[in-house]
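Naming follows writing order (A, B, C and D), and every chain is counted from residue 1.
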Amino acid sequence: MNALPYDEALRLDRARRLVATTRELAALGWTPATSSNFSMRMDDRHAAITVSGRDKGRLALEDIMVVDFDGRAVGSDHRPSAETLLHTQLYRRYPDIGCVLHTHSHNQTVASRLWAGQGHVHLAGYELLKAFRGNATHEMAVELPVLPNNQDMPALAAQVEHLLDRGPMWGYLIDGHGLYAWGRDMDEARRHLDAFEFLLACELDLRRLNA
Amino acid sequence: MNALPYDEALRLDRARRLVATTRELAALGWTPATSSNFSMRMDDRHAAITVSGRDKGRLALEDIMVVDFDGRAVGSDHRPSAETLLHTQLYRRYPDIGCVLHTHSHNQTVASRLWAGQGHVHLAGYELLKAFRGNATHEMAVELPVLPNNQDMPALAAQVEHLLDRGPMWGYLIDGHGLYAWGRDMDEARRHLDAFEFLLACELDLRRLNA
Amino acid sequence: MNALPYDEALRLDRARRLVATTRELAALGWTPATSSNFSMRMDDRHAAITVSGRDKGRLALEDIMVVDFDGRAVGSDHRPSAETLLHTQLYRRYPDIGCVLHTHSHNQTVASRLWAGQGHVHLAGYELLKAFRGNATHEMAVELPVLPNNQDMPALAAQVEHLLDRGPMWGYLIDGHGLYAWGRDMDEARRHLDAFEFLLACELDLRRLNA
Amino acid sequence: MNALPYDEALRLDRARRLVATTRELAALGWTPATSSNFSMRMDDRHAAITVSGRDKGRLALEDIMVVDFDGRAVGSDHRPSAETLLHTQLYRRYPDIGCVLHTHSHNQTVASRLWAGQGHVHLAGYELLKAFRGNATHEMAVELPVLPNNQDMPALAAQVEHLLDRGPMWGYLIDGHGLYAWGRDMDEARRHLDAFEFLLACELDLRRLNA
């Protein structure tokens, strides 16, 4: 028999937390039509991630699979999402990243379309900017990058690497697609996700109000 | 005694799934004021469909009736919805269609009013276009037709037949009325419905934002 | 001892249904800051109505009091809402009205401000117009009146009487205040309320979209 | 051993009510990304207040700490929120204030950005103005002040003192940050909070509608 190359108790722990968070985000309407995917680091070679194509509001523990940092299935024949590579590139590059959340909310999608041309969304003047690790004041602006969409994942991952070379960041948008946000653990990744969503909603509304 | 011309266990199976889905859609506010109707194929002559005029948030198993593909009640004296014909024409024409969902959401209604003049809504540039069966990339646009509203159901059904003659499609809007969406099974029909709703919401908002 | 001039079992029946509906409407956000009130006819002289000033999301059976058709408390010393008269004038005038629902939703309030100047909201071209009793087609328009707000209830009630003299109707708005909707029973009043809310939301959005 | 300088049963009573209200407000989305804080008076020297940095949707009884009116922790080594001073200045100045609620809703944040330049939001013509203690008619306008944001809490508190010198008020906005609202007890503070939120939403929407 083949021993699993990872700790199954660890997979189950990650699965429980990913399923709970994913159901919350689905209830908010941020994972329409089986889209979106969510992962947590297990160790220095493996991550637990949602399998492809499931309704995120009905996820079960067996819908969380294990992948290596090249995005390949480990210990199962589940099909990983095409976008697995966008998760694992973060775990490989940054040992202190523990969780990556990718959602498709209305505000994220609309903001990505609206600001794709300028390549980023400028977020400034909000108390909630303090939600991002390292920001101690509302006076520090955040530039959220917007990448062009691409079905070629290695090409998209290479564009993300270029962004990451510029300095620390906690998320990016893909045009017409959605948001990637991350953090050292699930709580921090969720706080960053919630803050991006809130700030994008405010920026969109200020534009509707011609402010 | 008269034997039922369909399998009652099959009706009950369909009723359970229709009631569960209908309650979810009612909770989203997509079935205002007892509107909307939902069906599943039973066999090559019968479909199970919601009876007319009930509050869709309080549907019970006995509120799902059986109709033949001419839209006539079978095995009960329930009154089928006037729009039953728009469901059964799809089951008759396409043997692989298993579920038809018709909702009246705010976004569907507003989009139908806004784009009735041009006769369709152009949906392009969204990752979520991949939610429609047969679409493998965000680069494939979808044209969602908008038909004029009509209380004469055979006339409306004839207009739909003309649309279907043009090629495969997964839904259409009726002006001031709502959306029909369908799929091979309940999961696929629901994924198509959710994707149309999401994309219409984005298109409306981009217009509000003058994008 | 004084016998109650009404049937207590009837009050309890009405109270159960009013509390259930009121909690649903509160959960939708249509009763902000203890506003709104709801009633059902008991007999040809009494109605059951929510007492004044309670959080509508936490209503209990004892928060439903009995009033006569002059709006005076019967069988209790509860304080009836100042607007009780706007409910009882409908029960007195129309023996077939069984339920009156008064809410303060965002859309109702904004629409009342926007169209107070022209004195009504024109609702046309929607399938959901069929939700109003007596309407068989989307081709019948509905004019929803908008009255000026007034803290003098007898004066406001007199304005409503003038409106009612013009012909049958199922609701009216008060400027900056909210909607009154009614029907022969709770289900019909609720269907009318939901239809007005939905149609006002559509009309507001079409204006936002410059349609 | 050191006796606590406050009544622990009182802390528990306040904690139960603060946790219940905080969870409701979190479910409304008014406390994004661990923001917002909530307090109740205990006696003439102490208040119970939410500790800093917790997810407000998952608050437990031990997440409510005691502070004195200088904003210092009493009887625990929990870290009080930086904004504790904005709560305690109200308890010190007004013996009849019993509850202070500070939230970061979308509408509060957007309105604060939009009207920061003019320094206040003018609220007039709404029935719901009667929700504020002391207002008996929709004809009394309310001016909701908007203060510049500031990470220096004593400086911000001094600005609030200037506002309070002008006369009685039930809330203020901070630019890009959120709303403070208060009342004699939890119910009144909540009613004021709900009324401000509702009225800001209406004012924003009337501007979107160019009304």
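What we mean here is this: contacts are C-beta pairs under 8 Å (C-beta built on N, C-alpha and C of every residue); 3 or more make two chains touch, one makes a residue touch a chain.
Note that the structure is predicted; figures quoted are calculated from it, not measured.
Chains compared, subunit A against subunit D: the Cα-based superposition rotates one onto the other by 90 degrees, nearest 5. In whole angstrom, the spacing between the mean C-alpha positions of subunit C and subunit D is 33. The multi-chain contact residues of subunit B, meaning those touching 2 or more other chains, are 208.
A ring topology is adopted by the chain contact network, closed into one cycle in which each chain touches exactly two others. By the touch criterion stated above, subunit B contacts subunit C in their complex at residues 32-35, 55, 104, 106, 109-110, 113-114, 149, 151, 174-178, 204, 207-208.
Considering their complex, residues 125-128, 131, 136-139, 187, 191-192, 194-195, 197-198, 201-202, 205-206, 208-209, 211 of subunit B touch subunit A.
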